[in-house]
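Input: a single structure, listed below in structure tokens.
Chain naming follows the written order as A, B and C, and within any one chain the residues start at number 1.
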Amino acid sequence: MATIAELGIRYRSGEATPTGVVRAYLERIEALNPQVRAYFTVTRDTALAQAEAAEKRLKAGAPLGLLDGIPLAIKDVICTKGIRTACGSKILEPFVPPYDATVIARLGAAGAIILGKTNMDEFAMGSSTENSAFFPTRNPWDLGRVPGGSSGGSAAAVAADLALGALGSDTGGSIRQPAAFCGTVGLKPTYGRVSRYGLVAFASSLDQIGPFARDVRGAALILQAIAGHDPLDSTSTEVPVPDYTAALGRGIEGLRVGVPAEYFIEGMDPEVEAAVRAAIDVLKGLGARTEKVSLPHTDYALAAYYLIAPAEASSNLARYDGVKYGYRAAGGKDLIQMYGRTRAEGFGAEVKRRIMLGTYALSAGYYEAYYGKAQRVRTLVRRDFQQAFERVDLLVCPTAPSVAFKLGDKEDPLQMYLCDVFTIPVNLAGLPGLSLPGGFTATGLPIGLQLIGKPFDEATLLSAAYAYEQVTPWHTRAPELA
Amino acid sequence: MAEPKITLAEVEHVARLARLDLSEPEKKRMRFQLDAILTYIDKLRRLDTDDVEPTSHAIPMVNVMREDEVRPCLPTEEMLANAPEREGDFVRVPRIIEE
Amino acid sequence: MSRAADYEDVIGLEVHAQLLTRSKMFCGCPTTFGGAPNSQTCPICQGMPGVLPVINRRAVEFAMRTALALHCTINSGCRFARKHYYYPDMPKNYQISQYEEPLAVEGWLEIEVGGQVKRIGIQRVHLEEDVGKLVHEGTLETARASLVDFNRSGVPLMEIVSKPDIRSPEEAAVYFKALRAILIYLGVCDGNMEEGSLRCDTNVSIRPRGSSELGTKVEVKNLNSFKNVQQATAYEGERQRMAITSGQTIVQETRLWEADRSYTLSMRSKEYAHDYRYFPEPDLVPLKVEQRWADQLRTTLPELPVERQRRFVSQYGLPAYDADLLTQSRALADYYEAAVREYPKPKVVSNWVMSELLRELLGDDEAAISKSPIPPRNLARLLALIEDGTISGKIAKDVFEKMYRSGEDAETIVRREGLVQVADAGALGAVVGQVLASNPGAVEDWKKGKKQSLGFLVGQVMKATQGKANPALVNQLLLERLPKEP
């Protein structure tokens, strides 16, 4: 099992060719996807055509960059021109975008090959990928367990080596939590670092696209290709993009690492806590200075998130009405009936719940008490981080309070929401967060270690993660699939 | 069990605002699930936020604008390719009745 | 029992102006009117999944110019908000508009009604996007289906809301007219009401004279001419007076003006339909208007209609009526001033512009005037030909029409058609002799003291010369030959 960087070297030495590699991946997908169910759509023909083009460039000695010829998987929440983009939803099942998301255009310009679109929780709402309208994705480490979510398909594809890397989206932990559950690296960049143009919106002020890869360098290479200002996204910033791979070797000698007390809570899996504490010792051993910090409003972040995200979602999802694109329910006598039935039949239970919650929170008489209040609490959460970052360079903590759970284990919506308790505050504050393999349970399930950085300081996150990865064996393990 | 924070009538009102035709069992289930979530969310009331400004974006930015330049449109056929129902170059919808 | 006359109107106007930008409010699609259905759209103005809006800078600056011209305070921070309701012409099922933090607030506009100058307060100026267009198969009530064209979706609109300072339907019409003139002067809106570039809703309530409280207001939509604004406002005020004086109460509602049938019709909709669930648009960041930006725009403001009208009165000595009419459009006022520079008799030029030019032109807007086949210089030359006696005023009107049809200048037409005025006493004398000889009856009348017969005889001379005779000279010659004062 190669990494992105290793495959790049083999391409350049002629040991491997893009067409050969893509064919091998397509075969592997054919063999293993029926078990893992990571992909919703496999784009066989376009992938082969892209591989041939990459091969020509490599043969001519003129590759587009370090991602040229690298096969990736794309979460089905990201619009791909001419390729169905269903977002895990029946309501978008027939939708074929006539445009590419900016990240897709950028990956294309870097020569990356798209193997297909990955399964996800409907409209990215969920933490297990069980909310996909089509089928649940399985965790490659234990097919009876969930891969996490909402980017479960992308995480599982990378973990099962059905792609070398992938794109996901993260609104409250949807990259980092599945990365933790599947034992891959997953990075949610700073809000505004990567263009959201063409990312089907869930909660606009929180959504961010980011990479999955098996190692830190792979995540850095993908981020390098997709980061940077986009005039099509008013919330994308003009902050310059540093050379992320150059930062990898920086080391962490003298780095000030904060350990937030509120992220070690009662009821969390003791194996997770033990692994994270051991990882903190590893960082110390590498020369980092750790200290306790406090993020006192952590306990309120989840509640604030479950007002802000549903409110924005209820608005963003208003457009799915059977008029312009997507599913339309049959038999509506008039417009009101058509709307009501289309949306009732087209959306799944979790999406309906959040639309209801968000609509309620924005409705007359409740705005200040709910949405307004949540936006103020968001300020408090953000201030917590600002104060912590006056003293430390990054924070280290668990990605999730537990490891991957069994399919069907969390029927109660609130229990499912609690999976994201350590990832949500990062989205509210707009910060970069990275999850990387930090150990395994006795039963062989991956444990995620989360690093949280200052705004636009993905380089420090990546260099710390890389330093840790160099001295730990976790990323070299692979699930056994037959 | 305490009186739920949201009534069935409110569930129906919100479902109408959101254009969701919920079945009777769905409405009942929704009411209790929303109630549990709203009860959890109630913890926010413990925080005094009177002097706290709201955050709508974590990364503050202002004045992002584009120049007034015309860009190519999407050809009509490409636009209508996704429409569930069309008539000529129009998108067709069932008759509109006011509520 | 209260009487209708005891109540006064309290009126506020909401005007929507389509801005003259090249591209839409949040995407690069063109704003031109009349394209084939769904030919001027893109994923952004169709509200496709994942697309994002980006603010058009010119639209913001147009709204700022308007706000400055209306003496508004431009908010140092303003924001867009989403306004939610479901309708098939609105692709996202929310409209990007402004709510709690509009671009500008608290301004005023001066109007003149019955010789009195009055200030109408401006509550707010804000930006928003237009919706698409619905075509119903049959009427809205009977249609089995409707068709949607998204070409207009996302076209920039500016909403200008007045305070309830208007007290009569006439004031409402005058205010709307004055506002339209300002928008046209600023070059931010073409003011074309037929194409819907300028639309108006009016809020009407009534209250006992002398009261300072506001009554229940009714919004009347669908007003697209000055006449409609005045008639609909008058109708609605009357309707409310009749309701109240007969003991009914006014219901807060929206009514539609049916121009063909001249009445307002209730658009019944339940209260929940108005829960717009506004919240700050998370896909856009706030606008921060630095003083420098506003100041720089202020320096680009043109002279506005009211100022220009006053100047026309003082500088050219024009009657207020002329000055008002000539300054309704910036293009027309520019035309007038260009002509006066070439032919410095302001009242003469004014008469010709108001009567002859405006009769021929299809409108008084920029486009109509710039396409006028008679440029100001040509009008001035025509007037000069009258003054120097080359042609008569009557002939000049024919020449004007010919100039308008052909685009030629006056000299060319006059020369080609031999229209030069006969001002030679010898030649005219002969004609005068013939006319006197062949109209003995008129001469007799003159002798009997019927002075009107002089006019008849002048007319006969003019007829005989196909209008080319100099009327003053004809008069003089006739008086010389007719018997002295009878």
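Everything that follows uses one rule, which is that a contact is a pair of C-beta atoms (placed from the backbone, for glycine too) under 8 Å apart; a residue touches a chain by one contact, two chains touch by 3 or more.
The shown structure was predicted, so the numbers you read here are calculated from the model rather than taken from an experiment.
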Original post:
Taking each chain's centre as the average of its Cα atoms, which is closest to the average over all protein Cα atoms shown?
Top reply: B
Original post:
By number of C-beta pairs in contact, which two chains lead?
Top reply: A-B
Original post:
Taking each chain's centre as the mean position of its Cα atoms, how many Å separate chain A from chain C?
Top reply: 56
**OP:** Quick one: report the Å distance separating chain B from chain C, using the average Cα coordinate of each chain.
**Re:** 41
Original post:
Rounded to the nearest whole Å, what is the centre-to-centre distance of chain A and chain B, using the mean of the C-alpha atoms as each centre?
Top reply: 23
**OP:** Could you check chain B for residues that touch two or more other chains and list them?
**Re:** 13, 17, 19, 56-57, 61, 64, 66, 74, 79, 82, 91, 93-96, 99
Original post:
Which parts of chain C, given as residue numbers and ranges, touch two or more other chains?
Top reply: 43, 46, 48, 54-55, 86, 88, 146, 148, 275, 277, 282, 284-285
Original post:
By residue number and range, which residues of chain A touch two or more other chains?
Top reply: 95, 98-99, 205, 231, 234-235, 314, 318, 321, 323-325, 335, 339, 359, 363
Original post:
Can you list the residues on chain A that touch chain B in the complex?
Top reply: 94-96, 98-99, 190-192, 205, 231, 234-235, 237, 297, 299-300, 303-304, 306-307, 314, 318, 321-328, 332-341, 343-344, 347, 352-353, 355-357, 359-360, 363, 370, 372-380, 382, 412-414, 417, 428-431, 455
**OP:** Could you please specify the touching residues of chain A with respect to chain C in the complex?
**Re:** 78-79, 85, 87, 92, 95, 97-99, 101, 196-201, 203-205, 231-235, 311-312, 314-315, 318-319, 321, 323-325, 335, 339, 359, 362-364, 367, 371
Original post:
Which residues of chain B touch chain A in the complex?
Top reply: 6, 10-11, 13-15, 17-23, 26, 30, 33-34, 36-38, 40-45, 47, 49, 52-59, 61, 64, 66, 74, 78-79, 81-85, 91, 93-97, 99
**OP:** Using the touch rule from the top, collect the residues of chain C that touch chain B in their complex.
**Re:** 21-23, 27-30, 36-43, 46, 48, 54-60, 77, 86, 88, 134-136, 140, 143-150, 267-270, 272-273, 275, 277, 280, 282, 284-288
**OP:** Spell out the part of chain C that touches chain A in their complex, as residue ranges.
**Re:** 43, 46-55, 82, 84, 86, 88, 91-94, 146, 148, 275, 277-279, 282-285
